[in-house]
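Shared between the two complexes below is chain A, which pairs with chain B and chain C, respectively.
Take a look at the complex of A and B:
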């Protein structure tokens, strides 16, 4: 049997990702749907000779055209016609979850319902008659507990039977939802018109098209207009007629009436002995009692701050040991290369370009993994939704949405995210203006790639208060991003707000497997970047910093100088060694200054002296446009080149602290510039893609760089006046 | 029996939705989340800054902003 395609669909928080992880384990790949940046998750399933590709469709509450996610889910089902769609529903939230199921049934697709969290429902005193539910829906319903894997094998057997044609797809003759006399008659009329012309009949059922037109679904209407403009006009006229009538007689909209009837239909089914409550439905559960504290007027925000702050403490203290371990490994590697190879361009490239460059980045992997792990706990436990709930009033002040908080946090609102997925997380925002404002300001957050620079400079200059400084810089990034959003929403992005309505899911203990997959996925993205883009850039930068090298005359001058001091001092004496070392360092410094990068850096000093940056910092910041973590590796390369002994154990931080061109004030100015200047080019590409135009991406590059320069110059100059 | 806007309901007050007077994206979203005529709700609480409001619906929790709650009419017992 060839591999069947199964699609997973369901409400957010219904346990879809947990089921997906249980079915596919580590055999997953993440990509994007063409044209949009909604994540496309795909995995392989194999058991008892049944092989399938499982697509994890984005979580949706409905199949209207409310968000990109809903459109993606709908199009996937209609266009790719998966062999079976598995609809996962939350047993403890049956009524709302069945709303999506109804719409899937109307699409007349092969459907299997996975009734998840039957254990939770039982604890809540709910009895669900699964067989009866299956009978009324006309599709198989399988009770499962995705977290423990209970019932999952039965579910897959049922899916397999449906693929093999042993179970018939839903019979819609038996199941037709009535939308009230007025709408039903219009639907009947429209369905006949659609059927007569075979309108989009390969993609959708005729009645479904009619329902969507009456519901005023803009995307589907566009599709219909494109397929048959004449018929579309006649259909729209019918829809308008019934809409006018409903408004006049009932003071309501067709879409409202349709939703009412769908819920009515669900209620009708559930009332026929499918669900029995043993307790009051709205009684409070453990999760609600936790919420009384965690979203409490006074305690809530304080606990939130405490939780966020403790994440820094945990990640920094726990990661210290593994970070120095990784560093030691790369130092050892550099030493090995140094002793094996003879001096020359290859050795220089391997040590300065490859090992220092990649090692500098990989050294921070343990820290980043810990950070991602903590974020995954907040996400999977349901706490992040509470953060959005508590933060919305504040975000709205800045013209953003409570959901913007996700994009900000993913980008590094809790330091250590990445602006690339952050920019992509803005997809959940519906209003183009709030989305654009979020898109253009999330790169200000402290992403995982900025962490190495923060850690380096804070460690070198403000070592006594590391955690405090980290926290302060994170708060600062929030303030700057929010103010920038407000300014954008008042100028280039003026407009009305988007609906907030969202769910506060019950708190759940995250599963270990889920946390690991989450953490690994994100860390792997970071490591991959280190192995590919950063390695390449590190080598290019090494070349830029090495070539063209000194002219023969200048090199001769150094040779003569060496000969001169050798005559003056006794050979092997300490004084001579010291002099020779100084000459070597001077030659290397001059070589770098004479290189391509050096020339650019020196030229830039004409402007950057205002914020206290010398040419080496300029080179590093230039490299940072390629990827922020390159700033560290470039500084490493730039400084290790001026040193004689690559085996020296002094870290880059110590070297900077000893350097005359650096001071705490310069470090502060550099930190501010680095935090707020142009996003890395990967982010810029994503912004261009999300915003749908390169103009916005270029705008992002220029406005942030200019802002960062003004800020760091201001701080540096004022600091100098006060004598720092 | 009295009908008031959801915004003006007090904490722990119960009621039944009688109308959702808004079309377009906001109306669709509100209805997709299960806030339709005849639904019983209870105010669970409000965010630290009094907005958004969290409400209990069929044993689960939804939140919405006060200015969105304005469109929802609720019948309450007195």
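Take a look at the complex of A and C:
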């Protein structure tokens, strides 16, 4: 038997992902749906000779196009026609969950209902008559507990029977939901018109198209207009007629009336002895009691700050050891290559390009995994929804969403984060524009790699007030990021704020398996995709800083110089080593100046003199695009200082402080530029991946660089006018 | 089925409900007291906002319970057995009366 495609659909928090994990285990592939930021998850299922590909569709409350998720879910079901759609519903929350089921039934697709969390429902004193529910819905209903796997085999057996054609798809004659006389009559009329012309009849049932047009579903209406403009106009006229009529007689929109009738239909079913409540159905549950504390107007934000701060602490302190471990492995690897290969371009490329480049990226992996683990705990337990709820008030002012807070903090909201996991943390955001604004502004935060630059320049030029400057620059990064978000939301990402309406899932204990899967799948995506592109770019950057190299005469000059000092000094003496090192550094600096990057740096002086940067600074800034850590080491090479350890950057600082090209004003201008110019390319690759297009990634590079340049030029020029 | 409140006298955007009932006690959800059983009377706003709220179960005639207003304008409500949070914008648009 060939593999059948099964799709999982359901409300957010109904346990869809838990069921998906239970069915597919580690056999999952995560990607994005083309052009949108919605994750597409696929997995393989195999048991008792039944093989299937399972698609985890995004969680939705309805099938009307109110969000990207709904459009993705609907299109998948309509276009790819999965053999069976499994609708997972939360037994403790039947009324709301059956709302989606109603719409799936109207699509006349092969449907199996998985009644999840029957154990929770029982704890809450609810008895559900599963057989009766199946009878009324006209489709199989299987009780399961996705967390423990109870009932999952029966569910899959039922799906298998449906694939094999042993169970008939839903019987719609029995199941026509009435939307009141006015709408029903219009629907009848419209359905006939649609049927007559066979409009989109391969994709949707006729009545369903009529319902969506009356509901004013913009995406479907566009589809209909494209398929048959003439018919579309007639259909829209009918829909408008009934809408006007309803507004006049009932003062209501058709979609509210339709929702009302759907809920009425559900209540009608449930009242016929399907649920028996043993307790008062409106009592407050444990979750509500927890919420009274955790979302309290004073205590809530304090607890939230404490939790966010501890996540930050845990991520960065616990990852320090594994991060240095990974670094040690790559250093060892570099040492191996160094001892095995003879000097030459291949060795230089392997060490500087491949090992340092890829090593720099993989060095982030322990940090990213820990961060995703912490976020998975917050997400799976239901707390993240509360954080978003509380922060929404402040972030809304800047056109962002409450859920943006996580990304900002991880990126360096408290100095020392990293924009790479920060960019990936935006996945918890649901509305596309707010998510994009967050993606584009989190790189402004002061990540850990910018700290050595801050330390170096502040130490060299503003030594009297180090802590104050550090704090001011952290504050400045917040202000700039939030204001930039505001500007973006008023220009390229213009659009009304999405009203903050979100279901707060009940608090649950996360399962260990779920946490592991969530952590791994996100980390693996980072390792795989970023790893390949990054390898390429780091080789390119290496080549730019190495080639074309010195001319033979100049290289000979250095060889002669070495020979000259070797004659003058005793071999092995400290003075000789020092002199040789000096010569090496001069050669490196000259090579750098002569390289493509060096030439670009010199060429850039034509523009960058405006903000007070000379060519050596320019090269360091170019290198900073590879990774911000590179700025300090490149400055070290360019100012010919020998191995510059970012930790003990005082000597380089002294050198800069004494250099004629630098002054406190130049330092301030450079600091501002380095804080806000293009994010490092690892971040850029991640932005491209998360935004689903390279255009946004390039936009991010250019708008931040231009902004940084204007800012630093402004400061430098104004400073000069005032004689600093 | 008993669904809700009176018709809203025509001015402004938004929509109300169908049955003619006295006007008494209608107020924005944000200003209703904690822990009360309420009935949605009217939802203001464009079709998109109303449709989205309706899909979540917030439409005229629906009974909700205000769990706790986190502050003056943000609300947690219980309806159909789930908890929904509403931000500034949304909570002001929903008019309720005591159920």
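In the analysis below, the second predicted complex is superposed on the first by the 497 of 724 C-alpha atoms of A that agree within 3 Å, B and C clash if a C-alpha of one lies under 4 Å from a C-alpha of the other, contacts with A are read in each partner's own complex, and residues count from 1 in each chain.
Here is the rule we use: a residue touches a chain if its C-beta (ideal position, glycine included) is under 8 Å from a C-beta of that chain, and two chains touch if they have at least 3 such contacts.
Small disclaimer: the values here were computed from a predicted structure and weren't measured.
K.L.:
Have a look at chain B and chain C on chain A after the superposition and call it: clash or fit.
P.N.:
Clash.
K.L.:
Who does A:297 touch here: chain B (first), chain C (second), both, or neither?
P.N.:
The answer is both, since A:297 touches chain B and chain C.
K.L.:
Name the contact category of A:335: first (chain B only), second (chain C only), both, or neither.
P.N.:
In the superposition, A:335 touches no partner, neither chain B nor chain C.
K.L.:
Touch test for A:394: chain B only (first), chain C only (second), both, or neither?
P.N.:
In the superposed model, A:394 contacts chain B only, not chain C.
K.L.:
Between chain B and chain C, whom does A:25 touch in the aligned arrangement: first, second, both, or neither?
P.N.:
neither
K.L.:
Applying the touch criterion given at the start, work out whether A:250 contacts chain B, chain C, both or neither, answering first, second, both or neither.
P.N.:
second
K.L.:
Once the two structures are superposed, pull the chain A residues common to the chain B and chain C interfaces.
P.N.:
The answer is residues 61-62, 64, 66, 92-93, 95-96, 99, 216, 252-253, 255-256, 259-260, 263-264, 281-282, 288, 291-292, 295-297, 300, 389-390, 392-393, 396, 402, 499-504, 506 of chain A.
K.L.:
Which part of chain C faces chain A closely enough to touch in the complex?
P.N.:
1, 3, 7-8, 10, 15-18, 37, 43, 45, 47-62, 65, 67-68, 70-71, 74, 76, 78-90, 93
K.L.:
Can you name the residues of chain B that touch chain A in the complex?
P.N.:
Contact set of chain B toward chain A: 19-20, 23, 25-40, 42, 44-45, 47-52, 54, 56-65, 68.
K.L.:
Can you name the residues of chain A that touch chain C in the complex?
P.N.:
Within the complex, chain A contacts chain C at residues 61-62, 64, 66, 92-96, 99, 215-216, 247, 250-253, 255-256, 258-260, 263-264, 267, 281-282, 284, 287-288, 291-292, 295-297, 300, 385, 389-390, 392-393, 396, 402, 497, 499-504, 506.
K.L.:
If we count contacts the way the header does, which residues on chain A are in touch with chain B in the complex?
P.N.:
61-62, 64, 66, 92-93, 95-96, 99, 124, 216, 252-253, 255-256, 259-260, 263-264, 281-283, 288, 291-292, 295-298, 300-301, 389-390, 392-394, 396, 402, 430, 498-504, 506
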